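Please go over the structures that come below.
Across the two complexes that follow, subunit A remains constant while its partner is subunit B and subsequently subunit C.
On to the complex of A and B.
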């Protein structure tokens, strides 16, 4: 297979050390053509550094970067055929929108023989696609956050690059605009069939946008997969707790630990399959009403030191009183087990003696 | 000529009348815009002390220029008759101005100063633009130390350096020529303008350059197309500052050039117009005023970005 099918971007054994800090510590990754790949991780996990190495703004300490089958590790950014949308958008303040978008085209003017008319045509087409064609005469500081983001995307798209890299482009937008921008971005990527690499620390963005998600932590890839795979079948304790809000409840045993998501931890009367479920005696300490859900804080009897959360949909009419005991159930398949030392997923363990 | 005489003779009256007229116009304009109400009147009265204070400071700042201007046209008899030196009791005269241009090498001084200034500015920019950019961007911890080290060079006073510098100038065969100054002045203008420019370059976000790199340009092009246009106000104020540094430099200019016609303004004017303890006040003041006006205007235009340059370097360092 490998000989016939070549992924568009391939990273082999990429490492980046800043003095003694291991920003990226051995990453292997393949990105397919037309894919929307999201790199997700907490701040400082090396995700932005990894992206900058794909762009060529950072040289890896070790490893190789391939784009379109060619080794580009030693090439400067301009020879890689990638474009990038920066977190701050990095629009050139001294140029109007037209010249901002035309800037990458002007760089290619000599080798691709664009004349003035060709450049104007391409800029206007791209601007129209992103619905900013009426803003071409404005300066960046005269634009709103959402408009700036569109200009940055237009500038990255106008040369029809092989890969577009996006470094948290939605984080400077306010919350309402963000959901809208997310939808448009995904729609735009799908219709133009461009390959996108999107870096974020926001799991909702990652889940919503990604065809595949790469979860990173401490400079290493923790798991790669579809959003559903990563959520339902986490490879280790980090991935399990990093995704989901509130995060997965983890309870410790001697050699291993186990966990289940708050939304899978429901009153026994609501469990659809009680015989395949594990029943816990749950003490309710406090209830937060969040509108769509009730967030329950408490602990499992016998495990008083480990705060355990339950997320009960508001539309189920079960009364949950503070300072009372209830029977809560988790489906057996929703309980995940992890090695206590390595954090890796392990097979089902007998919970008999633990709880 | 007739108008000038009339202006000079009624100088203070004109100043007061002009000021009052300006204030009256301003108040009339406000009244027209907001109506001549009691509230508006009380606003004007409340604000007037503020403007009075401003007026005092303006006079204080303008005093040297006013004194230079008033005295340049006085006859000797009028100038030395006490008291009341600030009014004309004899007809103003252009004799001293004419003497300045006809009997001294003032025009040569101006030409030499401009030639030296422009040449030094060009050399300084060629050397300090890349150096400042490198210090601002391309180096880490050592860059900052190197920057401080180079700035220390600026702090070594010319009074310590002029003897060794003189030997170098003689060795190069540049004695008694403005070229001596063109060679020596960059020794203090380069460290200074480098420091100033570094502050402006640091204020340009590195992301903008990276965007240019990704957009298909190399580092030099990114510098020319993104960093340079964005730091243009800084570069212009660096030019102004470098030029004035060369304009008022005294020791090197005095030591290296003995030939009157080759001298620059800072040395030529005092050596030509002060003979022993005899001061030719009127041409001396006129010579100073004529060069002070363009420099003062240039400073005013770029003062804001100049201050910005100093503080940016200091805060971000």
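On to the complex of A and C.
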């Protein structure tokens, strides 16, 4: 027996109930060393609670947390070798940047035997790495949002933790800054090779950052996999509709439903493989011009009650007039089938009698 | 005729006027301050420069004569010293106890609600009732405290504080001062605690969670995170408590009437005794006004400290 490769963090049967609310309801998960793992889910799905249990800020109702092969379930945060970046950054407002970054070092100086000079060295090195070394004397309120985020990351990195936990750290930045910060964060994680667990409700962040994504809903893991796997091969209807903007079109049959993404639903003239595609008679009700795409609202003839969207790139010269009928095609492999009761993916069904 | 907006009555009413509504909201507070604070204050200043007594209510201007008399009064000097000493010593203990209690009451434990309720009682009790209660506790013959000390062997023929059977809490110079300070601390600690509790619970949980993940233990979190963050509110609590203490006379009036000799006589009490009981309104007023510049300076300094310590 004995696993040769032990994952860095392992969660076994984790549950957390707050009175009757099942915040986390049986989660098993392994996180590998050096991995950037994103936990993605709508608000209230238990993702932050799960992260807080890895940090030790919350005790699981049931289950175990292992870090580096050791059972840390009963240990306080300071004995777990983790650090955390909160959504609010939680910078100590009365300390300057230097003292903020130095705080975890000072708090752990006895265990780790840091002297004053070692602390100064580490703080300055980390600050330089994050390009905030000219801000060391500033107070948090004198910093911009992006600078605050860097200070929070520096403080989380300075102790060289086994795992860094990030709770929606980009959501307080304005949209322009966010793409930039995302890129820097990923670059930084890759170069320092640190293991990161990143919680977010933003699918673009998740897709862009994650080596793997854990999709959560109702306290349970819905699917774990690479961004591409989760997007192209969703395990169930929740994952299929949660990812993608606009979300996947779902059409109901008796015992199952089927769906396809708006960007895979294109005028037949544009389909590259019409013989392997399913052709639908599509009525165009309204067209939104979004710059790079045209978002088409309409329905498939015979299924007038189910709004069906198509996302057609603007650069293809195909005219789509409102209040007209067109033939639209979806490649057979882009049509996903789900059980109507469980929502789980099922094998291909015959669409013949349905549409 | 209907207008374009479809509103039948496009007139602005008086209550739509923000300025008017603002003044209306401020009015009760203004009336209160003018009638019950401003008027007595101006009256006291007028009295302080006059020779008014209970018997002769003609106000004739006498300049600084009252203030000179008060300043040369040896009893006044001791009274002033007592007041400052009582205030500082009691504030010292109040601050320590209030901090400890606020930290305890912001933790989770069973029976917290009941403990909080019991604890707030000294503050909720009217001062006069509380003082009468303590008068009994400190009674020369019947003091339950003495009884306990007697039973445990601290008092009585062989006791360390013997051979007497009573400590005479309110009759000995130093002990009477201790007793008065004790009652003041007992009575003022709850308010300070409640203010500090509000301060502690206003610290964002993220900050405290962050400190915990950063590896900080109880004492470090307390000294380096919590206390610095509640410093502004602590200064305000201290200011409130000091001003109340400085002007208070109820506790000493009921417990000791200022005795033995002048050991527990404080400014509020003495000016009341001279001005009202003794009938010398002018000198009583002058005496009370001595506290004003001191408290004003104190308030300015402390508010400035509080706003400087404010970091958000």
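Going forward, the second predicted complex is superposed on the first by the 353 of 355 C-alpha atoms of A that agree within 3 Å, B and C clash if a C-alpha of one lies under 4 Å from a C-alpha of the other, contacts with A are read in each partner's own complex, and residues count from 1 in each chain.
Just so we're on the same page, a residue touches a chain if its C-beta (ideal position, glycine included) is under 8 Å from a C-beta of that chain, and two chains touch if they have at least 3 such contacts.
Since this is a predicted model, take the numbers as computed values, not measurements.
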Practice task
Could you tell me whether subunit B and subunit C fit or clash when both sit on subunit A in the superposition?
Solution key: clash
Practice task
Using the touch definition from the top, say if A:274 reaches subunit B (first), subunit C (second), both or neither.
Solution key: neither
Practice task
Considering only the touch criterion stated at the top, classify A:76 as touching first (subunit B), second (subunit C), both, or neither.
Solution key: both
Problem - Partner chain(s) touched by A:145 [first = subunit B, second = subunit C, both, neither] - result: neither
Practice task
Using the touch definition from the top, say if A:155 reaches subunit B (first), subunit C (second), both or neither.
Solution key: both
Problem - Set intersection of subunit A contacts, subunit C complex versus subunit B complex - result: 55-57, 76-78, 82-84, 86-88, 90, 92-94, 103-104, 107-108, 155, 159
Problem - Complex interface listing, subunit A residues touching subunit B - result: 55-57, 76-78, 82-84, 86-88, 90, 92-94, 103-104, 107-108, 155, 159
Handout entry: Complex interface listing, subunit C residues touching subunit A
Key = 204, 206-207, 209-217, 220, 224-225, 228-229, 311-312
Problem - Sites on subunit B touched by subunit A in the complex - result: 205, 207-208, 210-218, 221, 226, 229-230
Practice task
Could you pull out which subunit A residues touch subunit C in their complex?
Solution key: 52, 55-57, 76-78, 82-84, 86-88, 90, 92-94, 103-104, 106-108, 111, 139, 141, 155, 159
